[in-house]
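In the two complexes that follow, chain A is the common piece, with chain B as its partner first and chain C second.
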Partner chain A sequence: MKRVAVWVIGNMNFAILALLIVAAAIISSDFLTPGNLLNVLRAASLIGIVAVGMNVVMLTGGIDLSVGSVAAISGAVAASMWSAGDPVLLVAAPLLVGVAVGLVNGVMVTRLHLQPFIATLIMMTVVRGAGLVYTNGQPIYVVYPDFFTAISNGYLLGVPVPTVMFLAITVFTWYLLRFRPFGRYIYAIGSNSTAAFLSGVNVGRIKIIAYVYCGLLAAIAGMVLTSRMKSGEPGQAGVFWELDAIAAVVIGGTSLMGGKGSVWGAFVGALIIGIVANLFNLLGVDLEWQQVSRGLIIFLAVWIHSLEGNERVRMWRASA
Partner chain B sequence: MGRLIYVIRQYPILLILAAFAVVFALASPDFGRPDNITNILRQSSMLGFVALGMSFVILAGGIDLSVGSTLALATVIVTVMSRTLPPALGINAALFAGVAVGVINGVLVTRFRFQPIIATLVTMASVRGIAMVFSNSQAIFGTLPNDYFLLSDAELAGLPLPAILFGIAALLSGFYLHFTRHGREIYQVGGNEEAARLAGVDVESIKITTYAICGFMAAVAGLILAARTQSGEAVRTGLGWELNAIAAAAIGGMSLMGGVGTIIGTVSGTLIIGMMSNAFNLLGIDPNWQRIVVGVLLAVAVASYSNQDLLRALRSRANRAAAPPGAGAPGAPAE
Partner chain C sequence: MAPPGENKTMEPFLRAEGISKAYPGVKALQNVDFTINEGEITALVGENGAGKSTLMKIISGSLTPDSGVIRVRGEEVTIQTPRDAQALGFSTIYQELMLIPELSVVENVFLGNLLATSVGTVDWGRMRRETAKLLDQLGLSIDTGRHVRELGVAEQQLIEIAKALSTRSRLLIMDEPTASLATEEVTKLFEIIRELKANWMTIVFVTHHLNEIFEMCDRAVVLRDGRIVGDERIENLTEDSLIQMMVGRLLAGAHKERRQKSTVADDAEAVLSVRNLTRRPELDDISFDLKRGEIIGLAGLMGAGRTELVRCLFGADAIHSGEIKLRGEMIRVTSPGKALRAGIGLAPEDRKTEGLILNLPIVENVSLPTVHTRTSLAGIKHRTEHREIHSLSERMNVKFQSVRQHVGSLSGGNQQKIVLAKLISSNVDIYLLDEPTRGVDVGAKEVIYDLVRELTLQGAAVIVISSVIEELVRVCDRIICLHLGRVTGEFAHGDFDLDTIMLRAMGKKITAAPGAPPPDIEQQAEPV
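The block that comes next holds the complex of A and B.
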């Protein structure tokens, strides 16, 4: 029994997720149907992909508020590239834009010494404005080629493609963070960037790569969104994604101070948000109370995670 | 004259503010007209209140993302309660709600040890939800009495009432921060929390107070907005105001690390943002370009604050290059 409890505290994320799934299945008989579960996974995938990138940046002790604007501009760029009929640029240009914004974020944080919150707040405004200027403030409607429509509507072995991408990106990022020097440097910088610097880690470059990675993933999410909407919406797409992504990451237990947390936290956090939203819809909960509960869910999750650091809980775990 | 130079050296932001005013006045003949100035002041005072409150929180090393939601809640409370009750009651209830949100933020940060961003993300979501519950997500029109609109429309000695209230609030804030023990302790907590605690400062109550002040100020902004729009609305009101308020404080030289910054800076930052959007509208510039320009301005401002040593090095190199050989570098120790 005690061993179970210790495992639960050590793997709080998956314990919460399992508990939530059981509770949801009991509350609503419609929840555990395959169709509904695929719906949940598909809906959680977009924010999930963004949250994985956010998680990497937050592990360095930073934050990226520009992800929503990047998703919007990447969708707008994709739509305008396909309007011009170029399938290579359709894929390459949005990704390049994401990388470029991430690069600017990283340079502002590391070379100009702006605080990450301010630097990415600036890019959030500028990139949103740039997207609107680029399209003259109008959405671009397009009929995408089949391969591009497939990234939002297709299935791979019965699983929606966005979900496959989400899972693949999470596993790849986990591999990077867990087994590659780049990932270990990320944790080193987040725990103590001075110590990392003195140990010979190129702190500036690693941080820039983290922001670039986050921008790239935001651009990918933006491409999935534009593929689903069949339009590039520079003004409406991705609004508040940064807050949803941050919520997913902190629900998953990653600390804003950096250095602590796993990318599976972002994965589980996105799923938790998705499951709760789905459950509320199944039960017909008012939009108003859904909004109230959004805050309470973050509160509960962060509070539960704060127990992991609690002195008495730690002593108890050590004794087991 | 010497006094003026002293003030400008102390607060270079005032010079930037004046420079912007001159440039805009030259660019657009309508900019300097009295009714336009009044307009700018009236528009800026709402963001100004939020930015003032935000300054307290930032100075103590925190941040408050919930101000936009608090503002929306205030507009909803005052309009809903005015259906049956006198507006004075609604005003007090809205202000009380603002303080309550602030105290909850403060308790989450101090007692629950939440990061300020996370704590106020929680209230940002939930407080907007509560406002939506109160208003059924509908805009509420026609409940406020005509007298209430004076809060936005009245003018005293040619100045709009919201601007006068904002001016008074700014003066009180500046006085409080610089001349009272509690105000100095806010700087202390933001500068070095551990040192402040060891010096006997009650860090927790200081932090809770700053969040309470911020919530109060956001509620005041909401009350003025309700008078200006003659309505209350929960879903869209105040979206993004938290970021504008943070931008105003940052343009004014406030550091998000806490402990550095002034009320004069925040007021100037607010006015710069207000003048800029007004002038751009007069000049017919695309609002989307405005976002880009404000972003670049913010980048330049903050980058120059955070790279003072780099700027100083550049300046002394320029001086050395300009000085005749053998004159010695300025700032070299005297013989």
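The block that comes next holds the complex of A and C.
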């Protein structure tokens, strides 16, 4: 029994997720139907992909507020490229835009020494505006080719493609963080960038890569979104995504100070947000109350994670 | 108040009884009885990890004990928070000073205890006057409106003392107060402490320096592995008996005499040649050669440029002019990464904030500079990495349970060994060691210097910085004195003379012929 409890504290994220699924199944009989579960997964995937990138940046002690704007502009660029009939640019251009924005974020943070919050706030408004300028403020409606619609509507072995992408990206990022030197550097920088620098880590370059990776994932999420909406919406797409992504990361236990947390936290955090939203929809709870309770959920999750650092809980774990 | 010793039956000022405190896996304190007599200076000594900090934190309210009681003059008190301790008149000055750099001197002195006027606004006038009075008492003449960040460490320490005096403290706990002070500053601090004592301040002095204990303290309490193992009046102690109590055994060579002869061959190649290195305003025209197998000591006061010099050699700071040759070839070290690849390693001055990442495991700290070489296509080879670092840590006698253990849970000496392990596993052959023994206990100091000697026998070359000149004299082949960024003296092994080195490090030069007493000392012209 005690072993179980210790495991629960060590893997708080999955414990909370399991508890939530059980609770949701009890509260609503519609929840555990395969159709509904697939809906939940699909809905959670977009924010989830963004949250994984955000998680990497936040592990360095940074933050990226520009992800929503990047998703929007990447959708707009995809739509306009396909309007021009170019299937290569349809895929390549939005990704390049995401990488470029991430690069600018990273350079501002590392070379110009702007605080990440400020640097990415600048890019959040600049990029959102640039998207509107690019499309003259109008959405671009397009009929995408089949391969492109498939990234939002398709299934792979019965699983929605966005969910497959989300899972694949999470696993890949986990590999990067756990098995590549890059991951070591990310945690080292987030924990103590001075010591990392004096241990020979190229702090600037690693941070830039983190922002580029985050921008790239935001662009991917933006492409899935435009594929689903069949339009590029520079003004409407991705609004508040940065906040949802930060919420997912925080629910997953990654510290805003950096250096602490795992990409599986962001994965579970996105699922938790998705499940709660779905449950409220099933129960017919008003959108306003959904907002209020989402705040409460973030509070609860952060409080539970703070237990991990609690001296008494740590002692109790060590004694087991 | 009665002078100490006048009434032997009187209760001591403070008595902690049966104090125990455990952390996961560690019993930091076990049933400790600790008394502090009024008006005395009590030295609390012990190796790192002996439990000194834990005991001090319990008395100052930042930790609560698992069991035990604390009595002040016989009456039981509860100390749950730092405020409780303050209300009892206890002040603690930590090694890492707790001042707020962005606030003024007045604001820091009265932080948390602002004085109010009759209408409830902040009484700046009175606070400024009182602060000025306190500073005057401490012999410090600075403007009370200055920001604390503009002050030196020694001045900041005095501000902390002023803060303690402003709250009418009766007990002053000082955790290694001399750790970051230069010799002159220590002398001044000791004068002030003696004066406080003369005014019936009770003082607890946590220190590693034996000479300070004998110079300043009335009584020494020795902690080892969380237990009190000695409690003696200073008159009844000798350095040897004190060391023996601290480490629990006779130290073979704790007082090891300095090496009889330099072991560096005269014709050994210069691995590192520095010419006219300048970084304004810290370093001015520095030149020297470091030979294979040699240990060079850098002596100097704080601000002499010692740290700046090794940081420049390591690529952590840029140089403005001058050249560096590595094994005869010109190199430009523009980043620590490049330095490490070129075989130059630095153990930084502050190992907790610069040398190590405390919340990461031993293995990740040690392999941070080399992890890319421990990686195959499939990823980091965790198993070989663990095995290699485990055996390296064992070879270096690090006391550890597992390489997954966080470095923050190790004692100071063991942390320093991890810093060295990081350099060793990076295969560097030029070691720059900035205060490698600061905050390290007697036993571990010797182990660290033994390690350094071993490295030089294998062909490494070392530059070591220490504020303790005796230490440099004992371990170095050559000593270079720096003062205000310039080389003010260079001494070969045969010419080591403590006083001369000290004077040169203080920027003074001896004009009289050597051996003609008394030497005539004059202030060297300072660079304009």
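Keep this in mind: the second predicted complex is superposed on the first by the 320 of 320 C-alpha atoms of A that agree within 3 Å, B and C clash if a C-alpha of one lies under 4 Å from a C-alpha of the other, contacts with A are read in each partner's own complex, and residues count from 1 in each chain.
Here is the rule we use: contacts are C-beta pairs under 8 Å (C-beta built on N, C-alpha and C of every residue); 3 or more make two chains touch, one makes a residue touch a chain.
Just so we're clear, the structure is a prediction, and the values are computed from it rather than from any experiment.
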Which holds for A:Ser293: it touches chain B only (first), chain C only (second), both, or neither?
first
Thinking of the overlay built on chain A, is A:Leu283 touched by chain B (first), by chain C (second), by both, or by neither?
neither
Between chain B (first) and chain C (second), which, if any, makes contact with A:Arg184: first, second, both or neither?
second
Per the contact definition in the header, classify A:Ile27: touching chain B only (first), chain C only (second), both, or neither.
neither
Who does A:Ile122 touch here: chain B (first), chain C (second), both, or neither?
first
Tell me the contact category for A:Val171 with respect to chain B and chain C: first, second, both or neither.
neither
In the overlay, answer first, second, both or neither for which of chain B and chain C A:Leu307 touches.
neither
Most chain A residues touched (candidates chain B, chain C):
B
Can A:Ala18 be said to touch chain B (first), chain C (second), both, or neither?
neither
Within their complex, state which residues of chain C touch chain A.
22-25, 314, 316, 335-337, 339-341, 346, 348, 353-360, 364-365, 367-369, 371-372, 375, 378-380, 422, 426
Residues of chain A touching chain B in the complex:
63, 65, 108, 112-115, 117-119, 121-126, 128-130, 132-133, 137, 243, 246-247, 250, 255-257, 286-296, 298-299, 302-303, 306
Give every residue of chain A touching chain C within the complex, in rising order.
175, 178-181, 184-185, 187-188, 191-192, 194-202, 259-260, 314-315, 317-319
Residue numbers on chain B that touch chain A, as the complex places them:
63, 108, 112-115, 117-118, 121-130, 132-133, 136-137, 243, 246-247, 250, 255-257, 286, 288-292, 294-296, 298-299, 302-303, 306-307
